[in-house]
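What follows is a pair of complexes built around chain A, which joins chain B in one and chain C in the other.
Our next item is the complex of A and B:
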């Protein structure tokens, strides 16, 4: 039997009287890409923030099972939690400027995670950073340039490299193509898809763009008003939506 | 014009003749309760090497940036039996050194000296003397910015957390950037160190040439930051290691010259422009060491 990499039980988070997300249960298996869709305010971001340790949920359980070790994410000390986040999780922000240090060179940004887990050899850090620049299709001559000189798409690819370099077990992506124009979106999506296949990544991706989910996600959940209203294989949900809201969502995709 | 009785006459001003001991002040200026509070902070700092202990820094009769932190630490440690030496950039005769020395002469009537070996308490700005410090000496640093992570993380709440959880990865990012820009670690002063294998510490703006002198020193080393209200310390015989990379080891750089006055080749030198043609002279920054060597 395969043990789920992440198991969530009855997770709830509210902001005073406003429901963020309510009684969410789900599991994620190694190598899976899970899409979370829903309209603005449906609780997608609250959920992903709870799972990645950015927010403290009110109730529920989050169990990670990484490197043959079970981690009760909500019941470990802060130091263990921060260490776990550093080594096992990664978070790709919608706005790459939130996930990068803009006054530090591209190489320094990519290398930071390595240094934070104990790499102390400049040459090694540098060559790994170069390798990852190649992987995300940024010319390696730009390694000493500051991120502010990069275009939006390059910034997002840089952020992806920065996050993947330590081979995290679960990668969270919050609208990774949100602020990009369509052709750049396609390129970033293509990159994410090839990295997912090549490295067998486990990803939770939040998006309101169903095309992104169809392209990347194996499974998906649909959220509305803080609860999961439908879940399943993404092809299944998108081809044969059961819930009224999902049907509306699927039918409102523009076909050019 | 109306006449008043409040006209200040020139002869009312006291002429300052070498600053006599002024008994109107409490010994070493600070009141005893303040000294007690500062001593408590110092003891805590000595117990946790490299940890920044907050303290209620007092307004001192000198501006911030002129060593108000160091002066408060010195004032709290000073006893009547102490011999005090004050240095500024290695020299005993520069403005900051002279004014602080006069301050303590006036408020505590203790002996002062320029000779490193004779001093029991040394307050410094930006240097550690060339003469090795010894047992039973207290060495006080003036610190402008005690937080080594401040340039990377502006939130104090976050830097406190980073210290408490030893999250020091970002510290090496700065060194990485140095090497990628300049081919070597360019940071030349306030070079970060790890104290007792635990806390990353700013050694105050001493040149990195002096960093090795902090390691395993028999003297007590105290750091006072007045404006930032922090005290930290290195107890005697404590490991102090400068941060570096395996392939770019720490290098205590100095100018490739000998002192033009005393001829010393292994001391830290000041570079001085001596004429309009841009000719340079290199001399020891430690005036006491240089004088002694010259007179030998």
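Our next item is the complex of A and C:
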């Protein structure tokens, strides 16, 4: 019996009297990619913000099982929580400018992340940073350049490198290809997918693009008005949706 | 062995006046190891649906589909993922891949995902590409730029690269010239000789004859 890496039970979060997400329960197993879809305001971002520690939910349980250790995420001290977020979780923002420091060099952005989990040796940090620049297909000669000189696609790849370099156990991605040109999207998608396969990453990805979910996610959940209305294997939910809203969502996709 | 037992399947189209389409009522058949079963019937009768139900892409209303002593209908998502990885190969009608990934990488991926070494996966994939008569100058290109027949062979290669006990084939010989069709037929035969249970949709009489299939006529099976 495999223990889920993440187990969520009855998670709820409201903003005053507006429902963010309500009674969410789900499990994620090591190496799985979970897609979250739903219209704007359906609670996707609220959910991953609660799971990644950016928001405090009102009710519910979040249990992580990483490195053979159980972490009751909502019942640990603030310092333990910060440490856990630093070492075990990563968050890739839709806008790479939210996840990077633009006045610090590309290598510095990656190096900072390494230092936050205890790396001290400058040579090691620089060689790891160079290796990861290469992994995300950014020329290593750009390591000392400021991110403001990078294109949108390069910035997103840099943000991915920064997030993955410390081998986090769960990676959250909020519309990682959302702000990119279509041609650049394919490249970032391909990169995410090959890294997921190569490093056996566990990922929770929010996207309104069903094609992105289809290509990246093993499982998916469909959200509406803050609740999960359908969940299952991605191909099953997309090919044989059981709920009216999911059918509407799937049938609304334009095919080129 | 694959057992399809008393299966009912319907689709309810909520956004089209809740129209209910019944596809199968009390569908029963089995596929033994080494056997090749061909699903027969006019288009729209549910041939591809059967493959998708067995693969877990379609949810069944009633009944059971037993593979490896496990009932697909009652497995959790992660259990189905695991069963697919270890046991079921599925060759869909069309190749679905991300742009930019090379044909070679597309074929190697299932092996790498199961923990095979890069070197091993590379060797096996190269051999299969050669067997499938794909020209060497295409190996490192994205198959999305290939012709229909070439794409189909890449799709087959991806489904055949691992040694899995069950294979689901959705028109594997469509859009192939006679020479390449014979190559695919021989690959399918080789799988069958190794004891693989195979269910396929074969549009042409020639392939069905050559493969010595047992036909399941859905016109008869689904009369209700």
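As a convention for this text, the second predicted complex is superposed on the first by the 256 of 256 C-alpha atoms of A that agree within 3 Å, B and C clash if a C-alpha of one lies under 4 Å from a C-alpha of the other, contacts with A are read in each partner's own complex, and residues count from 1 in each chain.
Following the convention adopted for this analysis, a residue touches a chain if its C-beta (ideal position, glycine included) is under 8 Å from a C-beta of that chain, and two chains touch if they have at least 3 such contacts.
Quick caveat: nothing in here was measured; it's all calculated off a predicted structure.
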item: Partner chain(s) touched by A:104 [first = chain B, second = chain C, both, neither]; value: first
item: First (chain B), second (chain C), both or neither touched by A:181; value: neither
item: Which superposed partner A:113 touches (first chain B, second chain C, both, neither); value: first
item: Contacts of A:144 with chain B and chain C, given as first, second, both or neither; value: first
item: Partner chain in contact with A:123 - chain B first, chain C second, else both or neither; value: first
item: First (chain B), second (chain C), both or neither touched by A:72; value: neither
item: Contacts of A:82 with chain B and chain C, given as first, second, both or neither; value: first
item: Touching both chain C and chain B, counted on chain A across the two superposed complexes; value: none
item: Contacting residues of chain C [partner chain A, same complex]; value: 11, 13-15, 52, 56-59, 77-78, 80-81, 96, 98-101, 109, 112-113
item: For the chain B and chain A complex, residues of the former touching the latter; value: 164-165, 167-170, 172-173, 176-177, 179-181, 245-248
item: Complex contact set, residues of chain A against chain B; value: 78-79, 82-83, 86, 101, 104-105, 107-108, 111-113, 115-117, 120-123, 125-126, 143-144
item: Sites on chain A touched by chain C in the complex; value: 2, 29, 32, 186-187, 189-190, 193-194, 197-198, 214-215, 218-219, 231-233, 235-236, 239-240, 242-244, 247-248, 251
